[in-house]
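Below are the structure tokens for one structure; questions will follow.
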Amino acid sequence: MIKVGVLGSTGYAGAELTRLLAGHPEAELIFLDSRRNEGQPYSVMYPHLRGIVENRCISVDVEGEKPYGDADVVFCALPHGLSQTAVQKGLESGVKVIDLSADFRIADPKVYETWYKTPHIALDALSQAVYGLVEINREKIKGANVVANPGCYPTSILLATYPLLKAGLISSEGLIADSKSGVSGAGRNLSDGSLYGQSNESVKAYGIGTHRHTPEIEQLLSDAAGTPVLIQFTPHLIPMTRGILSTIYAQPKKGITEAEIAKAYAEAYQDAPFVRVLPSGEFPQTKAVAGSNFCDIGYKLDTRTNRIVLVSAIDNLIKGAAGQAVQNMNLMFGLKETVGISQMPLWP
Amino acid sequence: MIKVGVLGSTGYAGAELTRLLAGHPEAELIFLDSRRNEGQPYSVMYPHLRGIVENRCISVDVEGEKPYGDADVVFCALPHGLSQTAVQKGLESGVKVIDLSADFRIADPKVYETWYKTPHIALDALSQAVYGLVEINREKIKGANVVANPGCYPTSILLATYPLLKAGLISSEGLIADSKSGVSGAGRNLSDGSLYGQSNESVKAYGIGTHRHTPEIEQLLSDAAGTPVLIQFTPHLIPMTRGILSTIYAQPKKGITEAEIAKAYAEAYQDAPFVRVLPSGEFPQTKAVAGSNFCDIGYKLDTRTNRIVLVSAIDNLIKGAAGQAVQNMNLMFGLKETVGISQMPLWP
Amino acid sequence: MIKVGVLGSTGYAGAELTRLLAGHPEAELIFLDSRRNEGQPYSVMYPHLRGIVENRCISVDVEGEKPYGDADVVFCALPHGLSQTAVQKGLESGVKVIDLSADFRIADPKVYETWYKTPHIALDALSQAVYGLVEINREKIKGANVVANPGCYPTSILLATYPLLKAGLISSEGLIADSKSGVSGAGRNLSDGSLYGQSNESVKAYGIGTHRHTPEIEQLLSDAAGTPVLIQFTPHLIPMTRGILSTIYAQPKKGITEAEIAKAYAEAYQDAPFVRVLPSGEFPQTKAVAGSNFCDIGYKLDTRTNRIVLVSAIDNLIKGAAGQAVQNMNLMFGLKETVGISQMPLWP
Amino acid sequence: MIKVGVLGSTGYAGAELTRLLAGHPEAELIFLDSRRNEGQPYSVMYPHLRGIVENRCISVDVEGEKPYGDADVVFCALPHGLSQTAVQKGLESGVKVIDLSADFRIADPKVYETWYKTPHIALDALSQAVYGLVEINREKIKGANVVANPGCYPTSILLATYPLLKAGLISSEGLIADSKSGVSGAGRNLSDGSLYGQSNESVKAYGIGTHRHTPEIEQLLSDAAGTPVLIQFTPHLIPMTRGILSTIYAQPKKGITEAEIAKAYAEAYQDAPFVRVLPSGEFPQTKAVAGSNFCDIGYKLDTRTNRIVLVSAIDNLIKGAAGQAVQNMNLMFGLKETVGISQMPLWP
């Protein structure tokens, strides 16, 4: 059994991790950390896990001596900024770390500082971190000690875009990603915008041109294209709990066909159990992936406008956070990629 | 492996059955029946199961010779009224049947006719049918050939009320059940009231004093009390997809205490893996059971008004339909009760 | 023009007051108070009123000299407890006050203290306060200087129940009110339970037997019955923004008929423009009153169980708060009751 | 008083028309047509108008003699295809017609036939029809006998885009509109996709590259640009009842500034009471316009990517259908543009 601890276990991503790990046949939850809820039974905050997760929350002092005890791996679901010390400490203690914050996703600390407005203070860990988008980096992840679990928006955008850019089917210029996210993406923090009254029956764009997931997306796309890529990324908040749908607009390279698109995806994802590429003319919806680790992808070459439209759907808390994190853990510990995360989507 | 067929597989209950059975380690789906969608790949209607359920729908002629082929068990998720022939045929063919309609829940055909406005035409099967509320009828179910799977509302009301009535803690008079159901309870039929525009952002009562689940509830409560019981049952439609919350008002027998209530539940459900009775003062919510086969129950003895208030929560499509049906199958085939239906609830 | 100020203008009830008063042909908004948002343009918090309400919020010192300036009337939408001084001050300054908190609804300060756990410190104002349920207290309100605007739940329950109790058609014993409220009823405060992720796709009961609206309901019902009345009141939170539906269970007096019920309502509400009593067998839904000051009422005499079931629907922020408050203002200033609040409901 | 009839009064757009006209101080509803609900009181289908609209539905034979009686104006809210005869007949009878279908929006019948797969059979009426986007065609509308009321998506896209294209600030190439609509946009027809269970908690794109609103948008944009314009238009269905948010991506002409954008909007909309252009850096949300005839517009010049992002929000049933239709009527009859449609948005 893999001994597992969760830092920041009472946010929404932490709660999904806890749920998935509680049901994982090869994992044993040895601690659930939450500063805010120290000492409380976990099921007080999360009554769905009553009778399943009986742990009480503890508050881990990440600055202390051997803070993670016997853990083989620690999932870090702390807010952006707080995880740097926690991850560094794991590395020093010989404990593998899967970090769900943004702190280890951007390879270049200067780019990190530009977008996150704070210098990076764990450069050693940063230099060892592998970007945990399994379908792209599967082999590197297997040997990693620190994995930076991808952001929810980047996961949805990159899985649709990366293979086509890599295959040279779309231009590296003019990319636009228009994403629609459920409200759980904003976490369980108390903010006006996350109130039911403010977000129900409404849709809005936010962070236009400034959202912090942008450099993470561009870093991967630039790798795929072999040249710097800029993307216009517009996130939207829509009135549902779970799910992200990303609609991506790209310029096709001259003369390409839908068959080539299909082939590029087929090759990229032939061994990817969680990516479902739909036939031409069919498009995904978030309901079809909700509660699962799937990413569904649809595509269309619009010959009238000479543009490719890609649509991808994920559950933001699973493939966009906790599920992908467990998928990374499975690889890091030599397990089959699907162990513990093969739950089927729920419909309706 | 148990060979399983599903009649009426493309309604919401049928789809949940299909999903649960597709993941059941001891079951093999040998046919999915749907008159409406004959010949179509199942995942056209239910894209969440793309890549998981590859069957095409067939249309079974239940009047035909040996209509269920090699099946060991058939789940019948046909509309009320249509299932009588289908069940009778199963019985005659030596195939076990779990019927999700109301047709075999009411033991007395005259009561059935009064509430359903049509005579019962499968009296032989009716006489053998066992009411499949596992937590009450576990032993009878193990030997049954025909199981009448309980209605969603009755499940939520009976699990909270039966043990207290049986233990003599509440009066058999003056019972009121005020239930709140998500819209999926109305099924996938095209009706004005099930449109998003009609049901979103609204709540209404319906079928006041006339809902057909009433006699089913009263039949079981009368058994528990050993005397005829009437219940005032008011269902409501609320704007969510899954879940039923039932709030039940009962008169306590003189001098009883909350400790006695707790004890009655503890005894009734000590071996029931899917019932979670909450501590005094805590109450369930549907989110804590959504996606699972759990029924959560809370209780309060209000000494100011001298009344007991019970609250129970289920996922109407799982414990209220497909999950309970699989639970019945497990018992009928000697499996552990929880096989294939131990999915944890999803939160948020 | 009536000069109007609003204390606590940036909560949901305050915002509805502001919206209704901005469109009221006889009212002029002279100040919008908000401690939290002092100095900010109102439309920053409430962009729907951009271009309509151009005021900046001020912070009124209710302890100061003549705090309400030239105002003819002040609406007090402060949290429970804070409004006592504010109302007392209005009375002393010769300014009429309509208080939307609970502080002046309970005539007996001892009962207030029992339920609100704090002594009442404005007994003078309390003694003059009129309970502003227009359809019951219309004449008293016309001459009032302090009006206690009813709670949302009490409004929905009392309008359905009061006339039948007054007419002696139902027993004063055994009353049960099972209410379902949209999330806006919890206000705009930042609390875990008001987050979209916690309240969407879920329903729960809360405050069973202890909700503070109970004594307010019982006070009026006792007046109607001429004898002390207890009610079992259970509020529920359901996933929608606006609306309350109350389902009320009552014991009919021996031999009464639905015609008598209809007659009692007709007499009580013949001059009430905002109450719509539905024909026998039809029941209200919150969508049919959303955005309006209407209260819709349905009733059923269930002869099988010998019980009366009443159902009422209101928009909790309008008839349950701001609309009713403006209705009170209209009466207090000799205007027609409907001025400024005759907006039609929105459907779908 | 203007005598008004409504054809197709029981769809969602028809119902909003009926509601707005019932409250319009200069309009008198003389008939409400509905083939499906002939003879029924209107409030049976739409209980929110109980006591307000007492008409019974009639079924108008548009092929008959003088089918619209004394009407001064007829609103035609029939499905696409059915309205051609109805409009032609109005023209011949000297009755003004405001058509909410798509049948008279496309000036070129060949383009109509290409997208709608059926020839146009009312070419005379088509040649006289004015496209009723008030803010663009105000003067033409005043003298029109037939007004083609714009589609919901086109309204949201054109109001944001037209002025910038007209002012030469953005390129006529590379335009993309990514729109998100509430479910009421699909009308009250019984279809699987409009069921609560299918659309709640999900988002999907549809009609990618093929949606029939495309030529209508392109026709106006081509007028603005003085050259043929193609647009990539992707509609999405999101789980809310009312509202459309359109996010539009455009290429700025070299060297333009946000000040120029602001100026272009200010000039275009200085006399437009229903368009609210937000300050730079603020963006609209549908909640801020719900229940009103407003269109809110925000803009951003992203210098990093050299792209302009526009966001607009409307209530699809009001500014996107019935409200705009009444706005057209007001102009056609010499009334002030805002009469009867100045309801404020509802929040929350």
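For clarity, chains are labelled A, B, C and D in written order, and residue numbers in each chain start from 1.
Convention: a contact is a pair of C-beta atoms (placed from the backbone, for glycine too) under 8 Å apart; a residue touches a chain by one contact, two chains touch by 3 or more.
A quick note: this is a predicted structure, and the numbers were derived from the prediction, not measured.
Asker: Centre-to-centre on C-alpha atoms, which chain is most distant from chain D?
Answerer: That would be chain B.
Asker: Quick check: more C-beta contact pairs at A-D or at B-D?
Answerer: A-D
Asker: So, what's the distance in Å between the C-alpha centres of chain D and chain B?
Answerer: 45
Asker: How many Å are there between the centre of chain A and the centre of chain B, using C-alpha atoms for each centre?
Answerer: 37
Asker: So how far apart, in whole Å, are chain A and chain D when each is placed at the average of its C-alpha atoms?
Answerer: 39
Asker: Indicate the residues of chain D shared as contacts by at least two other chains.
Answerer: 12, 184, 188, 197-198, 200-201, 239-242, 284-285, 287-288, 290, 348
Asker: Sort out for me which residues of chain A touch chain C in the complex.
Answerer: By the definition above, chain A touches chain C via 12, 183-184, 188, 190-192, 194-201, 239-241.
Asker: Enumerate the contact residues on chain A facing chain B in the complex.
Answerer: It is residues 12, 15, 19, 22-23, 46-52, 184, 188, 201, 241-242, 276, 278, 282, 284-285, 287-292, 296, 343-348 of chain A that touch chain B.
Asker: Would you tell me which residues of chain A are touching chain D in their complex?
Answerer: Residues 174, 176, 178, 180, 182, 197-198, 200-206, 208-209, 230-232, 234, 236, 238-243, 245, 247, 249, 283-288, 290, 298, 300, 302, 304-305, 307, 309, 311, 313, 348 of chain A touch chain D in their complex.
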